[in-house]
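Note that the chains take the letters A, B, C and D in the order they are written out, and that residue 1 is the start of every chain.
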């Protein structure tokens, strides 16, 4: 098996169109305004996303999907991460795979909407749930798609990431593993690789333009080498996600590959977010600079579903 | 290397402990805003009334005149009694006050020092500028002499509690033709002077700790210049802490407590396995190292008047370790620990601790200082 | 992003696999010395006889002329068959040979290339100097034109297998008055020329991998200059690997095997608990990242003729990871793993792996290159 | 309790005299010659060490010792580490504490000699045992002093550190913990802090003198910041060892403090040794440069007695 990780022309088109849409409609700085929080900006373009074919991109044509595969889905997931898009878009992308024939068309058209529920020992968090008809419940045991009204009463709570709207709920959904759980885990990993890549780019741009001691700070090795480390981590996470997507179902141990992607991307997203703040100095510590948003989102997503301890166990499984 | 034991110190410790037990505020300290400032000022006044204000300041300026050992005991007991952080009084007590004592004239001392100790006036620092960052000598904020006043124009940034302070220690460029380190003056600026405009800056934690200040033809009496006009760099560089490294003791003890609490909570919740145990043991060992480094720094302070550059080692260890400890809590306690508003509020503590290692000397600047001033490595090819 | 499948490639893979199964030496490769060199030359000859020598070299120069994909398959199968490292043939095959193909004249190609492929002559590299280190442009080894010869005086260091090589690719300064990067020539030096003296240098592992060479009035025919006199910098900089990133595949596969073996051994010995499991899982994930980074680099090599600076990312990840993996084995398996001479010889593997990240570009130089050439950051204040 | 870590005048004298002796008789570069290996150079000055009072330095006067304490012993241990002295000197320093009244005088005078036996799961290594009459056996369970002839037959084996002479032996000594085991662990920790300090000094000296690109390499932030990290680790390890020595038996949890010292010093010794090699570049990789000796010794000592896993457990005990 020989793997080529260079995007095909078709994949490049997929990437260009999602990036184009996101650049226009979901620029990161939208989150400086609280009225864009909680997935509001995403809900406003939900139909555009559906029309772009995002919901069903990797679903087989015979099941009504676009007929691409995981490689195209991860391309989208990475772009979503780079734009700090609401996790609900990933939830919807997964929901179509989990849905039965009756529900699927409404999810694909965007008429029905999904949001994540993170089910953990002692509670559950519904994330950006406004307007959702379905919940993609994720936890140690895997994933399940349920109707939103199966969740207990929702009680708002603020998490570390104030740009998402969260409510405590309860759920008794029985989660299951398997290929769709792995797909979800890989999409989340790639979303985090997108976070890691975006903070690398932010840091590099700042290092090129910000001057101190009469030099752009990127000329100083202390900053330059930090940027190199950002690039190393982002590249490792991204290529592992892509490699896993391409080889999925082709004889590798997918569970191990996905778990590696998840661990690498989670660490890269967090470490890069912290380093990006550090490189931005005082500015990076303010709420006015976008650097902190990536840190907060990294914590949120790295704790969605499988825990780090569980991920590491799967790598050695 | 020895244990210092004496009946006098034991008695002093007991006195401190008793007073703190009776006086440390029971109400939680507000996180920010005027309520926080008022809390800090009231607590300062209470210490003043108890005879504890300016623990290490010389007696002639109203301080307690405590020795290094007594100061250390004060800070240890203070931390153990959960005494509040000095917060919006920090600059006045640990920087502006000592600078005035060292370099101010008698009139300045009489005017400003009692007001600090009594909790009547707090101070902020106006050193950093948007375009200068870590490079103080590049500051541009301009002051022109006009009669018996300075007229200041420019801006300062990262001024901690600038929006809540009464006075400011302000560095301005009084002669742009002199070399970079010359031509700077150290001035007392009343924040209520016309032309001073303060824009609070929200931190990523959601709290508002600092501000940017804009100066538009701000007239400051020449009598507010501390030291010589154009001699401000020297004034700023010779500011001596009287605390001799003891000021970091509360932070170190606090971090140690936090780590032990986290370990206890992990045990109680059944989260302690070989993997988390290995991580927690490493953190606890690093906390022990921080404690020992702090003790070593204070030990040097007992015999050396001028604090050495080794303080950067303590500060660097603290800055990096506090991020690791507070970050690990989020990982250890899972999604529930991401919720805001709990006790402790893990995300708040975590987000706040990024300020260490950025404000008051970045980790990079500290590593430069350790390399150059502790180890004697040559300065870099360019500016530093 | 796709899987490349074709019947032709499958057939090629099978052919490679079969040949390697029949021909890879069963005897262990000697660790160093003439025995090692002779082993390497004999194995090269065997590959030549089998039609596999110079897998990616153009056919017109006696190579196999394999495509990038075929070269990749070769390296993959080679590693899986436990093919020996190219060792003392590495410079000849991967550097000197390709340089001659790119920049040599026809006479030079005819004289030297077949001798490489047949395993008759191995090469070493004479680039680094004691006072220049990573800074090639500062080289001082002097060559003066005397009739139709160059007369060389000076010294080179860190010459891998310099004491075991027949030919050397030598950079000398032919005009000290030109700017640093000019005035350098790329010369073929026969190591048996009078005046060449080689001092082997023992590595910390106890093995002798490299040497310092001294040149005392060494006369080299001008016909041995590759490219123009004073044009050596250009020759050195335009050396293109034909392998397009596939050359690192054996190292990556080897490290992957070693990691999996370590995990299996830990399980077998009952050493796998939550703590060691967490460490091993992290290492295995990093090994997966190295694999994926390598695949990405090769993917770029399929469409781009000139290898990009991203190769530094792969090299840096490998250099740092191999130290971590080999170091962890010592920690994991306890005092018994400190013993030399076992299978694997953990200390030997560990000590040897420090060469990655020092030789052929330190980790620091690679981080500079990633910062400047991949990310586009400005060069540093001084030279770099 | 207030701790002053500045050496007293008397402690300074102890330090000066041991350093003076070691600088003259055990310079690190002695180990470039194999005839100094295996503790040979140390055996040649064994009587000098005894006369200096090293064996019994921290032993109470009423037991025949010099009457100093742990602070003075760790000062010596650190100097021994900085000079890569044979571990047998530490073994002898501990042996006098473990010995009964009959044996002690001969150990103090240097007439009897001790060497370490590292007892681990599956074997035991006698280190620099030539001429030894006694063995200080160390393992997970603690420490024991036994006569050398209680060990099984000695079979030479080369360890990672070729400058010590090692033999595989067997022992059935029953080890015990307690204050003397903690003392030993602290001395080994401080020896490693000595290694960490020495590599910091080596790296700094090299960075000050070695020039590249027309500058001493220490002027470059990449090297300067690495040196700062060396200093941070060495200082953390050293001050923790000293603090533990001063406060030993004074109400702190000594077991936890010693374990912290051990973990910090072991990590500092290893990390600094690696970084020192890296800073020395090609030279650091050669057998001619002393940098590798510190790496090898760090591995040897960090595995002597209590394992890292056990050390970490004790920190949380």
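We take it that a residue touches a chain if its C-beta (ideal position, glycine included) is under 8 Å from a C-beta of that chain, and two chains touch if they have at least 3 such contacts.
Since this is a predicted model, take the numbers as computed values, not measurements.
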Would you mind checking which chain's C-alpha centre is most distant from the centre of chain B?
C
Between A-B and A-C, more contacting C-beta pairs sit at A-C
When the C-alpha atoms of chain C and chain D are each averaged to a single point, how far apart are the two points in Å?
39
CA centroids of chain B and chain C: separation to the nearest Å works out as 53
Contacts with two or more other chains occur in chain B at residues 274-275, 277-278, 364, 367-368, 380-383
Residue ranges of chain A touching at least 2 other chains are 215, 220-223, 225, 309, 312
May I ask you to sort the chain touch graph into line, ring, star, complete or other?
complete
In their shared complex, chain D is touched by residues of chain C numbered 128, 131-135, 138, 157-158, 201-204, 206, 275-276, 323, 330-331, 334-336, 338-341, 347, 350-351, 354-355, 357-359, 362-364, 367-368, 380, 382-384
Any idea which chain D residues touch chain A in the complex?
220-222, 225
Please name which positions on chain B make contact with chain D in the complex.
1-5, 9, 69, 72-73, 263, 272, 274, 277-278, 280-282, 284-286, 288-293, 295-296, 299-300, 302-303, 310, 313, 316-317, 364, 366-368, 370-372, 374-381
Complex interface listing, chain A residues touching chain B:
118, 120-123, 125, 157-162, 210-215, 220, 222-223, 274, 277-278, 281-282, 284-289, 291-292, 295-296, 299-300, 303-304, 307-309, 312
Under the stated contact criterion, what part of chain B meets chain C in this complex?
273-278, 380-383
